[in-house]
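In what follows, structures are represented as structure tokens.
Shared between the two complexes below is chain A, which has chain B as its partner in the first and chain C in the second.
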Partner chain A sequence: MTIKTIKIASDFSRFPSGRSEAIGPFSGERFRRDFLEPALKSNDKVIVELDGVLGYNSSFLEETFGGLIRHAGYSAQQLREKLEVKTIHLSLYSEIWKYIDEMDYTAREGLS
Partner chain B sequence: MSFIETLAQNYEKLITWLLVILGWLVVAQQNDAREIRRELRAKIDAAQSCVSKICSEALSYYSVSGSAEGLSSVKIQITMQLQDLSGCINRLVSGKRVSVVDAFVEYRKSITLNGFDDLNRSAYPIGSDRLNQIFDAASSLSEKLELLRKGGNSKWRRKT
Partner chain C sequence: MVHPAVISVPRNLDIFMSHEEVSRCLFQIPALVNVNTSIILDFEKVRFVSPVGALPLAAAIQAARGSGKCEVTGTYPSDRSVERILSEAGFFSLLGVSERMPPRKRAVGSWIRHLTGDTAQGEVVELLKDQVFGDSQTEGDAISDIYAGVTEAINNAVEHAYIEKGGYAISSDFVRSRWWVNGLIDRSRRSFTFVVCDLGIGIPRTVRAKMESSGLSHWATYVNDPSRKDSDLLLEALAMGGSRTELPWRGKGLRQVREVVDKLGGRLRIASNFAGCSYSRGSFSVQDFSTPVTGTVVEWTVPLDAVVPRQVSK
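Then we have the complex of A and B:
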């Protein structure tokens, strides 16, 4: 079983911000496309460590994690098996899984 | 003289000492509880003050257009303060997922989910849905923190 750990603060940026790449180089879109999706494709499990950054905007979190369902075609069930989110902030953990579940529901019901 | 006989002859002294120790334990426990309540009140006051400060900054942020000068530093400040508030709430709820965490998530979403990074957005007028939404989320979070103050003492005591 292969496990990959991505530390956002050291592997991506201490200042992640924004939804789309048009906003800046450290957007959720870029993190998902260049870091998270390749890691999920080539490993059995991916651990994302969120702590150590300046802070997170909801737009970054939604695009990164909700986008895994919207753009990469994963289901919430698959992500629960493959993705682990590590943080000391309860609110981040809660918000991320909320986006995943909401987007999964939207995709299943064909609401988008 | 046996131990039992000695005890029987001095039972009055023994009861006096037991009452003294019991009284001391009760007073010590009450002092601890008072100190814990005071700490909790101080932490909740700090969190509520932080909620108001961020709300005020977010309302100012959205009251001008996205291209206004000096806005990027305000954006960074709001992001950092939200992160600090998240940590503060974490310590208050001690790892338990309670409604105050959900209220905080809604608060962060109201400020940073849509348009936070959009340089082309227009200024939102006072009374617009966007500003009302931020204000409502701030009020809701503050109320949830207040509930923690009223109902959270026993939980708080067990955790510390």
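Then we have the complex of A and C:
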């Protein structure tokens, strides 16, 4: 079983922000496309370590994690099996899984 | 040769306290730039300066200078304490006027000079933090909360504020997607104020533009109702948490702007187009302006003790 760990603060940026690459260099779109999707594709499990950054905004988090369903075709169930998010902040953890579940529902109901 | 025009800066440089006077002053700047007239800002009468007045003025000055069409300079105020504040807020260096007062080592108020950019840059929150607290330890969760709110306001400026051509009278590359940030630590009131502004089309006009292009007839009907004021649309956007695009996963940004004061306490105020809105302790109050604000100004005032441990901020 292959496991890949991505530390956002050291592997990507201490200042993640924004949804699309068009508005900034450390966007959710770029992190998902260049880091998270390749890691999920080539490993059995991916651990994303969230701590160590200055903060997160909802645009970044939704585009990164909700975007896995929207753009990469994963289901929430598949992500629960393959993806682990690590943080000391329970609210951050809950927010990410909320975006995943909301997008999963949206995709299943054909609302997107 | 055209003589420069003199604009008198209002006595209270605060967009909420003296809205009409400040907005009229701000409006004159792009109007003069468009006719290639240089400007002298007369600070003689100014007696009070707040971050929420200083930042839109700094933005208008930089936009005017960035247009390359004119010069902008200014006079010293007659009130020495105001001169010190303008100096600390960075106005004289912005206007190319020499600073006559040395910076104070320890002051009741510490200004964060305006910072600007045109992409979603989270680094600005670290710069803001460093300017105020230096190497002191701030409360980690508080900075995360501020980061979420400030960066969402910046993202809104970059992504949505300039969607309509000609949104600002000075249509230069310098202004497009641009945001500004400043702030003030007030140790006597034990508060931390920070402001984000842009010179875009404003939240109410953004909501209208997005709804008209969304194809959602019920929203188009809502926003095009002539009885619907800018304050209704601003409140709608802020209370509901977003710009109501047709995409269900969008529109979470304004909720995070609001959550800063839900988590840290204090007050949020937004001025945009013909509307002002204040939010504190879960309650909103709105204001209708007769002179519009160019773009959007977002101001948070939070208790200093929620951001930095008391012994550090003494």
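By definition in this document, the second predicted complex is superposed on the first by the 112 of 112 C-alpha atoms of A that agree within 3 Å, B and C clash if a C-alpha of one lies under 4 Å from a C-alpha of the other, contacts with A are read in each partner's own complex, and residues count from 1 in each chain.
By definition in this document, a residue touches a chain if its C-beta (ideal position, glycine included) is under 8 Å from a C-beta of that chain, and two chains touch if they have at least 3 such contacts.
The shown structure was predicted, so the numbers you read here are calculated from the model rather than taken from an experiment.
Trainee: Going by the touch definition up top, name the partner, chain B or chain C, that contacts more of chain A.
Mentor: So, of the two partners, C touches more residues of chain A.
Trainee: According to the stated criteria, A:P25 is in contact with first (chain B), second (chain C), both, or neither; which is it?
Mentor: In the superposition, A:P25 touches chain C alone.
Trainee: So, does A:G66 touch the first partner chain B, the second partner chain C, both, or neither?
Mentor: second
Trainee: Examine A:N57 and indicate which partner it touches, taking first as chain B and second as chain C; both and neither are also allowed.
Mentor: A:N57 contacts both chain B and chain C.
Trainee: Should A:M103 be classified as contacting the first partner (chain B), the second (chain C), both, or neither?
Mentor: Touch partner of A:M103: chain C, not chain B.
Trainee: Tell me which partner A:L90 touches in the superposition: chain B (first), chain C (second), both or neither.
Mentor: It touches chain B, and chain C stays clear.
Trainee: When the two structures are overlaid on chain A, which partner does A:S17 contact: first (chain B), second (chain C), both, or neither?
Mentor: After superposition on chain A, A:S17 lies in contact with both partners, chain B and chain C.
Trainee: Please report the chain A residues shared by its interface with chain B and its interface with chain C.
Mentor: Shared contact residues on chain A: 15, 17-19, 23-24, 54-59, 62, 89.
Trainee: Within their complex, state which residues of chain A touch chain C.
Mentor: Counting only chain A, the residues touching chain C are 13-20, 23-27, 54-59, 62, 66, 70, 89, 99, 102-103, 106, 111-112.
Trainee: State the interface residues of chain B toward chain A in the complex, per the touch definition above.
Mentor: 75-76, 79-80, 82-83, 86-87, 89-90, 93, 95, 97, 101-102, 104-105, 108-109, 111-114, 116-118
Trainee: Which stretch or stretches of chain C touch chain A in the complex?
Mentor: Result: residues 119-123, 125-126, 141, 143-148, 151-152, 154-155, 158-159, 177, 247-249, 252-253, 255-256 of chain C touch chain A.
Trainee: Would you tell me which residues of chain A are touching chain B in their complex?
Mentor: Within the complex, chain A contacts chain B at residues 15, 17-19, 23-24, 54-59, 62, 88-92, 94-95, 98.
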